[in-house]
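As written, the chain order gives the labels A, B and C, with residue 1 at the start of each chain.
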Amino acid sequence: MSDLHTSRPAIDPDARPIVEARDLKTHFQGRSGIFSALAGVKPPTAKALDGVDLRIRKSEIVGLVGESGCGKSTLGMSLVRMYQPTDGRILYLDDDITRAEGRRLKDYRRQAQIIFQDPYSSLNPRLTIGQVIEEPLVIHDIGNAAERRERVVRALDLVRIPAVDNIDRYPSDLSGGQRQRVAIARALVLEPTFIVADEPVSMLDVSIQASVLELLDELSRKLGLAILYISHDIATVGYICDHVAVMYLGRIVEEGKAEDILSAPLHPYTQRLMAAIPRMDPGDTAGRAEIRGDVPSPMNVPQGCRFSSRCPYVADLCRAVEPELGQHPAGQRVRCHIYGSEGAKRFPDLQRPEWGRITEVTDAGTLAQASS
Amino acid sequence: MTSTSLATPENRTASPATMQALATLNDRLAAKPAAHLRVEKLSIAYSTARGPFHAVDDVSFEVKPGTNLGLVGESGCGKSTVIKALIGLQPEGTKVSGQALLDGQEILGLSERALQDVRWTKISLITQSAMNSLDPVYCIGDQICEAIQAHESVSRATAWARAEEMFALVGLPASRLHDFPHQFSGGMRQRTVIAMALALNAGMLLADEPTTALDPIMQSQIMSRIRGIHEHMRRSMILVTHDIAVVAETCENTVVMYAGKVAEKGPTTDVLARPLHPYTMGLQNAFPRLPVKGQPRQALISIPGIVPNLLRPPPGCRFAGRCPFATERCHIEAPAVTAVGAQSAACHYIDRAPEFREAAARPETWRKLGAGA
Amino acid sequence: MNQPSSPDAAAIRGRSLLGAMGQSLRLLTTDSFAVVGLAVLLLFVVIAISAPWIAPYEPFKAMMTESGRLNRLAPPSSAHLLGTTSFGNDVLSQFLHGFRVALLVGLVAAVAVGLISTIFGVVSGYFGGYVDDVLMRITDVALSIPTLPFSIVAVALLGPSVENIILVITILFWRNGARIIRSAVLTERERVYVKWARAAGASHLHIIMRHILPNIVRVIFLWVTMSVAFAVLTEASLSFLGLGDPTVISWGQMLNTAFSSGNLRTAWWWVIPPSLALVLLVSSLYLIGRAYEEQTNPRLRRR
């Protein structure tokens, strides 16, 4: 059994990714009624996922963090082809499955599984634990009854739920942590290579979160699973992830090795996310710049840098041009003008953002520069 | 720059007479002292088809005027049940025994009529579901005014001015008072609920999981708002949360509950620095933390097992089934509350706490109990 | 229910759609009002089946007195337990035969209504989008049909027969059911396990049969129960208005004959039995329906 505090084995950065997203975009067209559609009224578009590159390798756990509405779940759902991407590509072992249909899509669904947040509604209350875990095998028409049962028992073993006592019980007889393990067993029974875990512990009590995280960690090592771990809690990401990507309004704003990002975040948004975590030892929260307001709607993405409407350091350049995801000497890649960007070279006249120069917002909503 | 700056609105539209009335109202409300709450031997049993469910059993604690008490524990430990009973919102047929004295007045088992006098004016509630109790067809301002006017004989204009002031306090523009409940986002709703709870300057604020299920940034914004208000107005407060770190940042005193009983209580700094109860130690070590540069990462532990069924509570210590240090005695005999200085805990082996603390930081200690929880 | 079993047993146990239906029936037996309703319903079914054998006379046979005259409007006696009609027919025999029509119309119409509204509701709710738009607009149009005028005109045009009455009832009542079932499906469709099943590659049929239908069986049952009551009442109303099938005898028709012959006020033995049976049948169905609703709607569930 693995310990969460021992570091994870290094992942070869040149290894072939199991799953890769290239400039992936998933936009949602608001659906209009039959009459307005006939009248030619165009519904608004929500750019939930707007150009994301990501690679997940064998045995690697990639953490994806951000607030709700940042597009992290949309990315997860798009990668397992629950949402049809609007643009860009999804590669599974170099095979483009972005628009796969029929047999090819069903084959991909065997390889890519998803675990959802809510352990209470993710299991059909009318099915026994055995039936729940058997269902993927039924869907993919694998084995006879006895073989299927054997695989179900093996999957339960993997998540450390005693099969004898539990296979004929109903989800209502289990605790939240046990249900989440059953959901993981259901994902494992098809022996997939890639799993999206969408907030798998955020509805569990703190006292049992670690055991589920530990299980994911162990599965990635033992079975070589590529795991995308989605969470709004950047603190849990630190325990199991090799690589972390921080998302904001449909784009990655910072990514790199988990230890680099968690020990020295560069993007103002990542810094704020980290500062938002309550500390057990009070007193180290001082000197952090507050970010304002709520996440803007993905139907109305701000001009320039997407974070400019909330960033405490925003300057004219930020509102004019969106920075690219650039390599920073510290190791990670970051999308911010503070660290220099192509835009800064192209518009040398525009004021650039600087560390420590906090931009005040007056009540009227206009921005004014305040010297700090 | 933090969000704790407590601005007063500058561009007021009210007439001088209203301003005068508002000043009088504010003075009167400000004169209300912070409340003192003493809860003694509180037990609460829900009636279910399968018999009484002992959600809270023999809970005692005290909130001194102007202080902030954190009530922590995992889901089903009875923390929200305590709050509901204090404000008279327990479901019908629930058996409540014990005492809860608010400034010397018994508030358990009050009639609906008497409760109306107490709620809002002496004790008010901040919950996430509070917005759902608002009428969707009236604007927020109207509903706050109605509550103010129900308890204070002031004009509507004065009540509105007070509502504007409360909105400014929680960082919402006064213009939003004209909006309807559904027009508010999650964070704004939470601020509105806080503004409403403050409207009559109740001496006692009960905040029941005010930030659970909110995004981390929103959560930190709301919590710093609550902290700012607490420092500024010095009301007494109980903060219910499952998040021990929120308590660490916010509360002077802490009560850790487990399966309906108090496991440990005392000043927050003592409880977190030197926990006496193995459950507190577990809860603390289960909390994910950010790595500190140059220091080895602390192990994240999980507490195996599940909370006992409170239809038939176990005879001994309720944590015994999940405690790595439990002995036979723990399973048979319920531990009494033992005090160590200002701190106290219900554990037979309180004297071995330093030894336990060391062991509890290691994941192997907890794993011995078997996996599969 | 949860006895441990050995893991080497050949297959995985559990309950399916049939199990969900069985469970729904079992739930009813826990409610004392529903048990009364079920008992009445069972009694009615037994009477309907055995009517030809227990009825003392042919329902349309004219009874003669000893003096050879038509035995009109005779009050109850030992020969005619419920007296006779103005045409000299035995009321008890007519009344007993009435059970057959009432239950036949009720059951056939309810099954047809249940089937159509389930298909409409499930397809509309599950697939959503433009399918939903189209199906629900059809339902809206159907909902705008006024009940009584439509049934009168339709039966008058198609001709008064039991089949036509059933057809009219089906056309009238599937629409509300479709809406109710659709909204139940909308809730079920959003369940996380349904989302999961789609991600796992399950077919629509698989999802509907395994995850949607078992969870809305109660709603369908509730609606079918209510439809039986509506159908029985509608048949009685149409027959009372003189639009019933003249070749069969139903309670509505008995009341219609009593009314049109001007004996509604005097011949109590002719009027009370069919009225009482109607009230009993409909209220027993409502009792069953109410018990269902209590189970389906947790807010009504007693602690």
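The rule is simple: a residue touches a chain if its C-beta (ideal position, glycine included) is under 8 Å from a C-beta of that chain, and two chains touch if they have at least 3 such contacts.
Chains and their UniProt names: A, B = Oligopeptide/dipeptide ABC transporter ATP-binding protein; C = Peptide/nickel transport system permease protein.
Just so it is clear, the structure is predicted and the values come from calculations on it, not from any experiment.
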Chain of greatest Cα-centre distance to subunit A: C
Chain pair with the greatest number of C-beta contact pairs: A-B
Separation of mean Cα positions, subunit B and subunit A [Å, integer]: 31
Between subunit A and subunit C, centroid-to-centroid distance (C-alpha), Å: 52
Sequence positions of subunit B contacting 2 or more other chains: none
Residues of subunit A defined as touching subunit C within the complex: 31, 33-34, 80-82, 105-106, 109-110, 113-114, 116, 118, 121-124, 126-128, 130-131, 134-136, 138-140, 145-146, 148-149, 152-153, 163-165, 167-170, 173, 183, 186, 190
Subunit B-touching residues of subunit A, taken from the complex the two chains share: 1, 3-5, 7, 67-68, 160-162, 175, 177-178, 181, 205-214, 232-236, 238-239, 259, 262-264, 272-282, 285, 289-291, 294, 312, 358, 360, 363
In the complex with subunit A, residue positions of subunit B that touch it: 1-3, 74-75, 173, 185, 187, 215-221, 223, 242-246, 248-249, 272, 282-284, 286-291, 293, 296-304, 306, 363, 367, 371-373
Residue ranges of subunit C touching subunit A (in the complex, touch as defined): 1-7, 9-15, 19-20, 129-130, 133-134, 137, 191-193, 195-203, 206, 210-211, 214-215
